[in-house]
Every structure is written in structure tokens, then in C-alpha cells.
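Below, each structure is written out as C-alpha cells.
Next, two complexes with subunit A in common: one pairs it with subunit B, the other with subunit C.
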Partner chain A sequence: MTTNLKDVFNNTTNVTIFTFRFWDEVFKPPFEIKEFIKQCYLLGYKALPLVAITGFIMGLVLTIQSRPTMAKFGAEAWLPGMVALSMIKEVAPIITALICAGKISSGIGAELGSMKVTEQIDAMEVSAINPFKYLVVTRILATTVMIPILVVFADCIGIIGGFTGMNIHTDVTLFRYLHKILESLNFIDIVPATIKTFFFGFFIGMIGCYKGFTASNGTESVGRAANSAVVAASLAIFIIDMIAVQLTDLYASL
Partner chain B sequence: MNKESGNQWKLGMFVIIGIILFVIAIYFIGKSKNLFSSTFTLHSQFKNVRGLKVGNNVRFAGINVGTIAEIELITDTSVIVDMIMKVEVQKFIKSDAMASIGSDGLMGDKVLTIYPGTFNKRMISNNGFINSKNALEMEELLKSIKTSVDNVGIITTQLAEFTFKINNGKGALSKLITDEEFSKSLKGTLINLEISSKEFAKFTVKMNDGKGALSKLVSDEQLANKLDSTISNLQTGTKGLSENMEAAKSNLFLRGFFNTKKKNAAKRAVELKKNEKVLKEVNNSK
Partner chain C sequence: MKTKEENTNNVTSIQNIINVKGLHLSFGKNNEVLKGINFQVNKGENLVVLGKSGSGKSVMIKCLVGLDKADKGELFVLGKDITKLNYEQLNIIRLRIGFLFQNAALYDSMSVKENLMFPLKRHSKSITTNEIDKYLIQTLKDVGLEESIDKMPSELSGGMRKRIGLARTLILKPEIILYDEPTTGLDPISSREISQLILSIQKKNKTTSVIITHDLACAKLTADRIIILRDGVVFMEGRYDELEKSNDEWFNSFFGIIKE
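Moving on to the complex of A and B:
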């Protein structure tokens, strides 16, 4: 029990040190631009099909599932606005972040973990390359920048999915549908949802890197790093989301 | 290296499309909130804004033409509302335009509606002030409803009294409704009335077809003339007779007899006169 608690505190300190080290290194030249772009491609672009399919299905399913309830109140006309609002405010960021936690965080964790275990990181240090800068900073930056863009894609594709769902039962033109959505949207819906995706991205990259970078020697720790990276990242996403929503609510009610 | 640069354009496309989508969304939302088009400002003063909020729509002729920018409490009874309006509608809003606050549907948001004003007045200027119109207040509505409900209460109590009287009273109306005997006799009367009216109808038909004596008396002009001449003959005849009678009266023997006769004759003359009168009246009414 005490050792467990000690572990928790230890981990907290280590994560904090890791985060500070990231912020320390990120503004210091030399910048690994090429590696950053490569990571953006691998982590962002490669995740797009997965995010697109999920986003489309979420929009479609949300529309189909909400329709009977809305129809009960005679409020079917509000369906596009409601689906778009829930997509943009909550569903798309969370679903995209969770998918990326599964795909990216575990990938980073496994990659860095195996590099650590096979002493590649130590080899890098020996050959005068800062491994933290080359491996960690580029990845965290890449996820921080790419996740919000992926969320924007998920929003748009989800709205198109909602349009498809609407057209199963009624005929709505795309223009009318988009107009309805724009009518019900406000900046207060978009801006906080976008800001929190940066935090999602940062924590997805950070947790993956931390778990990989701190993998202890031994092959099985690679799997453990990947696994715990997914779990911790998913949990972190929900906690950040809760805090973000509460802050938004506080601000909106002012 | 070659492979990496082959992938670079995909990444660039991905990022640019993402950013463009985001910017488009921001632009359109801003456009629907009048952030990027040219606008002008209007002010209006209200006693009570009834839950109007910053960001609610301003309507003119049923079209959303602006939004509420600020709501400011000036004194304890006056609130200044600032509106940001599209420049295109400025020329339609005259200086005597009115603003009033209503709601959008039963559950909807509050909306500020602008009534245009008279068209020969000059156009409202930027930062102009327009008057406000107190729309129907819920409280006043409830007050007027209350008075009418009170009236309804009085009416219903009186109505209850009235129906009680009908059910239990002894007046004609209550008898009409409740008394079975009365209704039976009424029914009999009605039947009799029906029969007699039928008879009357037959009678009038006979009267009009002009064959019987009475109908002739009523409708035949010739008969009337004849009757007239007969009467005048009768008059001359009676004159002669009365002269003879005067002579006979002076005769002593016949005096007693003639006294009675004279009375009879007078009676008859009166009757004739009556007859004549009736005839004249009938003819007049015709």
C-alpha cells in the first residue's frame, strides 16, 4: 500500500520533471524541423482515415438515435443543430482523442520503449544527438498540432454523416442543413472545444513519450509501456475534458 | 529522403484543408453574428427588457438584421439596449421607428423587433436613438385576464340562480320547461291552432275565388255599386214613405199603429247605415 502510494507520488514527480524538460527543450535550438514534419505525417495524416470513418459514423448514428426523441417533441427541425452542437462540442474531440490515444499514444510508447530497451537512445546520446529533443519534443509537438486538425476534420465529416442520417427519413438540402447548423452555432461552442483539443494532443504525445522513455530494461516492459500509455492517455483525456467543460461553463455563465 | 518529400505534400494538404475548414466555420459563424459585414449601431431605451440577452436577434420585417451588442442599466427604470445592425437595412429604418421586445415562439429566445416608422421621415443615423414600445406585459395580461375571470364568476353565479329558479320555481318559464301537464295542454293548443289555421286557409281561399255571397261582398265591385244604388233608391223610397207616413200619422185612427211603426223604421235605418259603413270600410281596406 505504502509502496503503491509512493509509486504514485514518484510518478507524479517524474511526469512533472518530464513536462518541464519538454518546455525547456522546445524553445532551444537546434530545432528538428524535418523530424517534426515526418512525425506530423506519421501521427496526423496516417490517422485521418480512422478518424474520418469514426467521425462519419458518429454523426450518422447520433442523428438516427436522436431522431425518435426529437420527433416526440415535434422538434425534428432542431436535429441538425443539436447533432452539430454535440459533435463539435463533445463527441468529435473526445472520439478523435480516444482513437489517437489508442493509435498514437500506444505507438509512441511501444516505439520509444523498444528504443530504450534496445539501448538505441543511449547510442544516440553517445553520438551527440539529444534524444529528448529528437524523439520526444518532435512527437509531442506533432500530436499537439495534429490532433486539433484531426478534430476539425472529424467535425466536418461528422456533420456530413449527420446530413446522411437526416436524409434517410426526410429530404433536406445540404444548404438548408448547413444553414440550420450555422444558426445554432456560436463562438462559445467552437473556441473552447478547439482549445481543449490542443491539450488532448499534448497529453496524448506526452504520456506516450513518457511511458516509452521511462521503460525499464526488458522486452516485456515495451508491451507494458504501450498498454499503460493507452490507459493513462484515455484517462487523462476524460479528466482534461471534465476540467475544460467546467471552465467553459464557468466562463459562459458569467 | 525521396520518399519523405513524396509524403510532404500530403501532410501539407492535410494541414491546409484542416485550417481552411476551421477558418470557414469561424467565418460563417461570425457572419451570422454580423462580425465581418459592415454594420451600424442603434440604441433604444426600455423600462424592462424582460430577459433580453446580449447576442439575441434583432428583427425588422421578420428578418434577422442584427444582434444585441450591449444591455446597460442607466437608472432604476431605464435600460439602454445597443444593437449592431446590417448597413443594408439602415435606409428602411426611419427616425420615428419603434423597438419592442417579443419572444420567438413559445419557448424561444427573446427577440427585439423594430417597426419601420413613417416613410417620409428621414433615415436613422449611425448611433441613432429609436423609441421603444412597451409590448404586452405578462403582468398586465394577467390583470386583464383576472378582471374577465371575475366577471365570468359573477355571470356564472347568476346563471346558477337562474337555472335553480327554472328548475324549482313557479313562473311561466319554469312551467314551460318542467310541467308535464302544461306541456300537454300547450301541445293540444298547438294542434287546435294548426287545425284552425288550416280552416282559415281554406276560408281565405274561398274568399278569394269570389263565388260565395261573402266573397262577392268583399271582392266584387259591381255588387258594391249595385248595393250603393239600391241604398240610394231606398233612401228616396223611404223619403216618400216618410211623407206618406207623416200624413198618415196625423190621421187619428192610425196614430197608435204608426208610432210603433216609426220606431221600427228608425231601427232599420240605423242598421242600414251600419251596413253601409262596414261596406265602405271593407272597400277602403281593399
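Moving on to the complex of A and C:
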């Protein structure tokens, strides 16, 4: 019990130091622009197909599942708005972030963990190259920028999925469908939902990098770093989402 | 064969490119790995460090480039006490030191060319692409692997990885090269080739080397002087032929075992 508690405090302290180090290094030159762009491509662009498939299926399934209930209350006309709101406010950010936690956070954890174990990080250090700046800062910035883009992409694909779902049973034009969506959407629906995705991205990158960068020596720790990165990042996503919803609710009630 | 104290007094400080005084390092409360190590390395000298596994050889060599931080003691490298330097100052010293890791530590995601270019591009901003290419080919020629320039590390054998690791070390023209078990995991022929490569590099570039090894053939071929670590301190030092004549019981059993 005491050991567990000690571990929790040690981990919290180390994560805090790691986060402070990120903020300390991020504004200091040299800026690793090339590596940042490369990471945006690897972490963001490469995740597009997965996010597209998931987004489309979520939109489609949400529409097909909700239609009978909405029809019972004669509110079928509200279906596009409901699907779009659900996708933009909750489903797309959470599902995309969880997919990225599984794909990106674990990938970063395993990659950096393996670099640590095979002394590649030490090799960078002795070549007078700052491995934290080159490996950690670039990856965290890339996830912070790319996750919101992926979420917006998932929103759009999800809405197309919803359109497909609508057309299975009824005949709605794309123009009418989009018009109904735009009628139901407000500024307050889009902005907080998008802002929280930057936090998702930051924590997905941060947790993956922390787990990988602090992996102890030994091949076993690579698997452990990848695994614990997914678990911690997924948990962080739900906690951030809960806080974001509470804050949005508080702001809306003002 | 000289005792530690005699050797300390005989070597003038001007010649000492590395001077380690009372180096202590422990991991945790009851795990003191280095218990006051003292030794010097002269300019242009090849110093081989022998010792049983766990005697602190790798930790000691990592202290020399600031990868592990000493708890106590002075560590003069190229005239600076690296225990007292900040990160930027340490990096200036690191540029003058090369380090060949046990498993070469090549960057898996980069080709051989990119592995070599990575430190070079960062630290030689004014160098042109043509100059880089010429220099890369020359460095790869020095280690006998110019045909592997476009290969990925996963396509290389253990011996080739070590050579490329060495090429990457040489690319910044270091004054000191630290070798962490350069022949471990290699067949006798490859081990001999690496040992000869260490010698030829030292001759060509006039570098100073610290070589950690278990390989007596490598030690015999490369060493100007050998120090032996035992229980976290320098137990013996001298030339290979001097050490061979030692009557110390522990040493003879250790030397005998690694000879076999």
C-alpha cells in the first residue's frame, strides 16, 4: 500500500517535471521544424484512413439506430441535426481521440521506449543533440495540432455517414440534409468541442512520450510503455472530456 | 606494472586528456558501483579497461560524457571538469568526444547515410551538400563500408553495425573516442577487424581512446595501457605484458578465465 502510494507520488512528480520541461524547451531555439512536419505526416496523415472509416461507421450507425425512436415521436426531420450535434460535440472527438490513443500514443511509447533501450537516445545525447527537443517536443506538438484536424475530418465524414444512413430508408437530398444540420448548430456547439481536442492531442502525445522516454532498460519495458501509454491516454481523454463538459455547461448557464 | 599512486604522480597534467579523481557513483542506497576511481589518459593513448561484469566499467565510461552523473569526484575531460558544466557547456565538450555504444545504437528509422548526416548537418551548418556527400563517402571508406550507404540498420550484420556506429562517431572528428565493448557479440574474425580498425583510426586521426572490453585479444592488440576495475575501484594497471606476469591470485584467475 505504502509502496503503491509512493509510486503514485513519484509518477505524478515525474510527469509534472516532464511537462514543465516540455514548456521550457518548446519556445527555445533551435526549432525542429522538419521533424515536426514529418511527425505531423506520420502521426496525423497516416491515421486518416482509420479515422475516416470509424467516423463514417459512427455517423451511419447513429442515424440507423436513432431513426426508429425519432420516427415514433414524429421527429424524423430532426435526425440530421441530432446526428450532427452528437458527432461534433461528443462522438467524433471521443472516438477519434481513443483511436489515436491506441494508434499514436502506444506507437510513440513503443518507438521511444525501444530507442531508449537500444541506447539511441543516449547516442543523440552524446552527439550534443537534445533528444527531448528532437523526439518529445516535436511529437507532442504534432499530436496537439493533428488531433483537432483529425476530429474535424471525422465530424465531416460522420455527417456523410449520417446522410448515407438517412437515405437507406428515406430520400433526402444532400442540400436539404446539410441545411437541416446548419439550422441546428450553434457556435457554442462547435467551439468548446474543438478546443477540448487540442487537450486530447496534447495529452495523447505527452503520455506516449513520457512512457517511452522514461522506459527503464530492458525489452520488456518497451511493451509495458506502449501498453501503459494507451491505458493512461484513454483515461486522460475521459477525464478531460468530463471537465470540458462541466465547463461548457457552466459557461452556457451564465 | 605500477601502482595507482605511482602512475598518478608520473603523468604530467598537460598530457592528461582525461583525468578522473575519486569518482563515486551509486544507484540507490546500497548499490555503490564506483567507489573512488582514479585514472588518467594521455593524449594519443589507447587505454583499455577490463573488469568483471558489474564492476562499473560501462557506468564509468558513461560518466565521461555526462550520461551518468557522478555523486562525488572530479572528472577532467579536455581540461574541463564535466561534473561542473551546465548542459550547453557539456555539449561543447561532447562534440569533441565520440562514443561507440555496445550495440552501435544506430537510429533504426534512418538509413546509413541519414545516420551519418544527422549529427554532421546539425553541427556543421555551413557545409554544402556536395561536401557532406564527399565526407560521408570518405568516412565510410575509412571503415570499409562505402557500399552500404543506402542500407537500413536492419539490413546490416553485427560487425557492419559496429563499423557504421564507428563511422558516425568519426564524422564529427572527435579528439577522444570511447568504445563500450566494441567486439562483444562478434565472431573472432570480425572482432579482430574491429580491433584493427580501432588502431588504424587512432593512427590516422591521432585520437585518444578508452576501450572497455572483455576481449583479451582486442585488449592485447589495441592497448597502450590497461586498467582493471574490481569492486568499483582501479585494482591494477600497466601494460599487457606487465599484467601477464602478475602473481596476484584474483587477477590470475580473472585473466585465466577470460583468456579461455
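Going forward, the second predicted complex is superposed on the first by the 254 of 254 C-alpha atoms of A that agree within 3 Å, B and C clash if a C-alpha of one lies under 4 Å from a C-alpha of the other, contacts with A are read in each partner's own complex, and residues count from 1 in each chain.
As a working rule, contacts are C-beta pairs under 8 Å (C-beta built on N, C-alpha and C of every residue); 3 or more make two chains touch, one makes a residue touch a chain.
Since the model is a prediction, treat every value here as computed from it, not as a measurement.
In the superposition on chain A, contact is made by A:Ala123 with subunit C only, not with subunit B.
Shared-chain residue A:Glu220: touches no atom of subunit B or subunit C.
Once the two complexes are overlaid on the shared chain, A:Asp7 sits clear of subunit B and of subunit C alike. When the two complexes are overlaid on their common chain A, residue A:Val152 makes contact with subunit B while staying clear of subunit C. Residue contacts after overlaying the shared chain place A:Asp24 against neither subunit B nor subunit C.
Those residues of subunit A that touch subunit B in the shared complex are 34, 37-38, 40-41, 44-45, 48, 148-150, 152-153, 155-156, 182-183, 185-187, 190, 194. Of all the residues in subunit A, the ones that touch subunit C in their complex are 114-115, 118-120, 122-123, 125-129. Remark: subunit C residues 62, 65, 67, 91-92, 94-95, 97, 99, 101-103, 105-108, 118-119, 122-123, 168, 172 touch subunit A in the complex. Of all residues in subunit B, only 4, 7-8, 10-11, 14-15, 17-19, 21-22, 25-26, 28-30, 32-33, 55 touch subunit A in the complex they form.
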